[in-house]
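As structure tokens, here come the structures.
Presented sequentially are two complexes of subunit A, the first with subunit B as partner and the second with subunit C.
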Partner chain A sequence: MSALVIRNPEAPALEVRGLKKHYSAIEAVRGIDLKVERGEIFGFLGPNGAGKTTTIRTLVGLLQPTAGDIFLGGFSLKDDPVEAKSIVGFIPDRPFLYEKLTGREFLRFIAGLYRVYDDEPETLEERIEELLRFFQLEEWGDELVEAYSHGMKQRLVMSSALLHDPEIIIVDEPMVGLDPRGARLLKNLFKERVRGGGSIFMSTHTLAVAEELCDRIAIIQEGELIAEGTLQELRIRAGMGDDEAARLEAVFLKLTTDEEMIDVVDAIRG
Partner chain B sequence: MSTLNLTAIANSNITALYKKELKAYFNSPIAYVVMSVFLLMAGWFFANDLFLGGKASLRTFFEVGRLIFVFFIPAITMRLLAEERQSGSLQLLVTYPISDMEIVIAKWLAGVTLLAATLLFTSIYWFTIFLLGNPDEGAVIGGYLGLMLMGSAGCALGLFASSLSRNQIVAFVFAFAVLFTLFILDSVIVFLPAGIAGVLEYLSLGYHLDNLSRGVLDSRDLLYFLSLTVLGLAFAADRLADRKE
Partner chain C sequence: MKNPLLVEFLLLLKPKWYTLRNRVRFRGEGDLTRSIILFVIIVIFWATIYLIFSNFLYQFKIVEEFGEILPGKLMAMLFLFFLGILMWSSLLTSFGVFFMSSDLQLLTSSPVSDDALYLSRLFETVFNASWMVLLFALPVFIAYGVVFEGGVLYYLIVVVVNLSFVVIPAVLGVGLTMVLVNVFPARRAKDVLMVVSILFFAGLVLAFRILRPERLLDPDAFISLVDFFNAMRAPLSPVLPSQWAAEAIAPYLVGSFVYDPFYLGMLVISSMAAVVAGAWVSARTYNNGFTKTQEVRRTRFSHAPFIDRLINVYSFFFPRQLKQIISKDVKSFLRDITQWSQIFLLMALVVIYVYNFRALPLAGTYMPTVYMTNLVSFLNLGLAGFVVAAVAARFVFPAVSLEGNAFWLIRSSPLGLKGFLWSKFWISFFPLLLLGEALIVITSLFLGTHPVIRWVGIVTIFFITLAITGLGIGVGAAYPRFNWENVAKIPTGFGGIVFMVLSITMVGVVVVIEWSPVYSILISVMRGWVITQEQWFSAGLSGLFMLLLCVFCFIVPMEIVLRRLEEREIW
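Showing the complex of A and B:
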């Protein structure tokens, strides 16, 4: 993959200040602050209905926040949305694509929207082939997207999210629809991106993936951040600081579930 | 209207979406069906005038053309945003570095280009009457300009209709209702008091198209079509932004 250019290296990759999102009377997100540094994989966890999806949709410009500010690579999403979005690669959990385009046509279209390789058509084609090869879609590149399986569509979205070498990748449930080989491919890719100075903001229910990949993790519950830090910091926050073997799952359950529910879960597990 | 600066458009990411929309038109039957129907109907009226009426004129073509456009425009604009909403692709599109107004302009330009391509096929009528007779050049140019301006305003209003729903039929019906109302306004004013009639006459498509098809280029007519176009685009962009609320 090609080298990453960071436009505002002094600014954090992602910064959220006082983010609130209300739907009529429902307060989906109740004022969260977080910061993703350069070269970091940041995990965003929470139970169902905690506000994860709303937060992600707000970060990528799908929803307008009720209050608060979002900065992507130092660019305000409110004041400078096109610049802010130009440094992001978004991988949604459900890959809604243009079914009547082929894989290669779709990637060319995305390159046009990001205005990358405008004057270098040959380089663009090389980049497209590189991505299709990496995501094992090379043979399917001239087929219409409507013929793709869910996993292939997901991989095509990932290719499109990487096409412009984004400074930050925002990804919602990255492993959905991927087979074990695809999942391993993606994990390696994420590690490679952060080694090159990129950053990943990842929302997931797959705690094992978060535990394996994330440098820092935030947990949201009922629209509020209830914990943020490294796994060890979360262990301490959950009162499990002495137990260095405590897995993220146990920490997560401890932080997000009341004591009675933990007893029930333990009883079921035997 | 800096958003309509042509140089800025050519150099912007509008071009990528515009090309995709044009490809979508020509990769589906809709462009071919609608163009064929338009050319068949317009051709019949033109040939009727030429061979049966013995008139080397485009007057009937321009008069019938505007009525066909009332059906034709909603048919080509109904899918522009409604289909994106229906398929979910709009959710991905708005996360790319392209503003709501740029999305609207790219799609509007694609619709206008399809209309222009359709009208280009009718240039054979123009050549025919210039070969056979001595038509009023001003009226011919004015007639074409009128159809293009109507097409431009109609595409903007149709795009707004398409932004209202994920259902393409609803988009078609809404756009048709708006265009048909504007089309018949000058026919109903005879029943109304003079004050209201004057306002409605100015709002009607026919009043401005009649001026143009006589070869009269009046800034008020241009302003009318420009206003409808800008209003349609602005409302469509506003509806697109509404998804965020």
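Showing the complex of A and C:
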């Protein structure tokens, strides 16, 4: 994969100030502040309906926030959306694509949208081949997307998110639909990206993945951030600071579930 | 003891009932206003149909020799038309209902009997395919009832006849769908079905037009109308359910003899037999067909370098982002049979349009031919505008919705929504302009129009097309339907109605403001008079007004929908 160019290295990869999103009477996100540093994998966790997906959709410009500011690589999403969006690669949890394009055509289309390799058609083709090879889609590159399986579509979305070498990858449930081999591929890719100075903002329910990959983790519940920090900092926050072996799952349950529910979960586990 | 088949059948219909009920219970913002507007439109439509039909029927009633025959013949024609529409609509509906619904995986894996599943899906098909036909047939039957003083029994017979009648084409449509799904490869079956149904509909529209129903409007043509009905004997065959339906109602209504319930019985028994036969066919073919539709296989399509070159030429002057969207849209259109096959409908529309002008009896009118020719030619501008609007409703209005759930790619990309809307505009404008200009030029050549009118038409249709394209993209973006399953259904919602109303109003206003100054100049030119300053001023003023109106309709909708589209949830 090609080397990453960071345009505003002094600015954090992602910064959110006072983000709120209301749907009529429902307050999905109630004023959250976040900062993701360069070269960091940031995990964003929360129970169902906590506001994770709403936050992610707002971060990538799919939803307009009710209040607050979002900065991507130092560019304001509100005031400078074109620059802000051009340095982000978004991987949603559901890979909705243009079904009547082939894989290769789809990637060419994305290159056009992100205005990359404008005058270098040959480099673009090389880059497309590189990505298709990396995600094991080479053979399927000339097939219509409608014939792809869910996992293949997910891998095609990942290829498209990497095509323009984004500084930040925002990903919602990265492991959904991937087989163990694809999951390993993705984990390695994320690690490689952050080593090169890139940043990952990742929402997931797979706590083992978050534990393995994330440098820092934020937990959102009922639209508010209830904890943020490294795993050790979260342990302390959950009152489990002495137990270095405490897994993220236990910490997460402790922070997001009331005592009675934890007893029920423990009882079920026996 | 309850019949288990009936219990299962009712259970399977419950989710549909709950969905309907919840739609009323949990109304969204603006839903009430929309419902009221729709209701008003439907009432106006009903009233118009009622008035037209009652007028016809009163005229028929006073013709002594044919007073009892003509209403029956007319009803038979109507039922034949409904039969065609219902067949078409059932074909279109049944594939989705029987093979593509998202709940089928749950139902087929649950312990539900095949018969119950078939009956509940057939009920859904009958309902979806026929509610609109029945809704608009209602004022026709009321007109019959009022004119011929039907009484309670008449309305009872109408209900029984219609309920039995709609079942037969639905069973046939479902049966044909099952055969197609079993015969063709899974993915092709849907495509074949779509083409068959669209060709069927285009043929139906053409056939209806070639029957020249406008002759019914001319009382002087009654003698030839007898010949017309005689000629109609062949399609009004006694083996068609449409004929049974007409025979079950009309004699009761207009006959002075004792009512014979033979045809009513025939219709009711046949519809029941059709359901049983359909269940038999379904039991033998459905599971295999459903399995085939679940299979994913590599699709075959041709890479046509010619298309790539054509796209490159078309999008040569556009920036790369727009070029990519144009390329994506054109390829998606050409590879999706459900989209391009709608061109058949467009062709039927154009053939009818040109045929209408060939069939115009201008020479026989008592008005001066030159005046008449140019008047008709000028009014043709309005008709051409209407055709352009109708085509735009099919192809331009859905442009934003066609992005479907993949719209997130556009929204999260650096391409602004404004740029996106403009790319949609440019893809649509030139093909639509070509159509509009072709209609004006061909029909003015047919009519032998004066060059002044011809040029006014050519220039005006340019601006009308500009405005209609802007309205189509703008209103389509204001009322997007990203979760569509059938492309053809995108323009059938509230947004589609808003678009058509706005477009037709705009076209009407343009024709009205242009007519007087253009006619005045035309008369001067034809008579060799000098065109006065007042005439030029009035022409200039109306031209300016037309221009401003078109530019307003072209730009404003695209600008005001941006915010609405930004706020729009995609999934």
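Note that in this section the second predicted complex is superposed on the first by the 270 of 270 C-alpha atoms of A that agree within 3 Å, B and C clash if a C-alpha of one lies under 4 Å from a C-alpha of the other, contacts with A are read in each partner's own complex, and residues count from 1 in each chain.
Here is the rule we use: contacts are C-beta pairs under 8 Å (C-beta built on N, C-alpha and C of every residue); 3 or more make two chains touch, one makes a residue touch a chain.
Computed from a predicted structure; not experimentally measured.
The superposed arrangement places subunit B and subunit C in clashing positions on subunit A. By the touch criterion defined above, A:Leu97 reaches both subunit B and subunit C. Look at A:Pro81: by the touch rule set out above, it reaches both subunit B and subunit C. When the two complexes are overlaid on their common chain A, residue A:Glu37 makes contact with neither subunit B nor subunit C. If you count the residues of subunit A touched by subunit B and by subunit C, you find the higher number for C. In the superposition on chain A, A:Val60 makes contact with both subunit B and subunit C.
When the shared chain is aligned, subunit B and subunit C each come close enough to touch A:Arg115. Residue overlap on subunit A between its contacts with subunit B in one complex and with subunit C in the other: 60-64, 81-83, 85-86, 88, 90, 92, 94, 96-101, 105, 109-115. Put simply, subunit A touches subunit B in their complex at residues 60-64, 81-83, 85-86, 88, 90, 92, 94, 96-101, 105, 109-115, 157. Interface residues of subunit B facing subunit A in the complex, by the touch rule stated above, are 12-13, 15-17, 19-20, 23-24, 27-28, 87-89, 91-92, 94-99, 241, 243-245. Against subunit A, the residues of subunit C that register as touching in their complex are 29, 296-299, 301, 303, 320-321, 323-325, 327-328, 331-332, 335-336, 404-406, 408-416, 566-567, 569-571. Interface residues of subunit A, counted against subunit C in their complex, comprise 24, 60-64, 81-83, 85-86, 88, 90, 92, 94, 96-101, 105, 108-115, 118, 142-144, 146-147, 149, 160.
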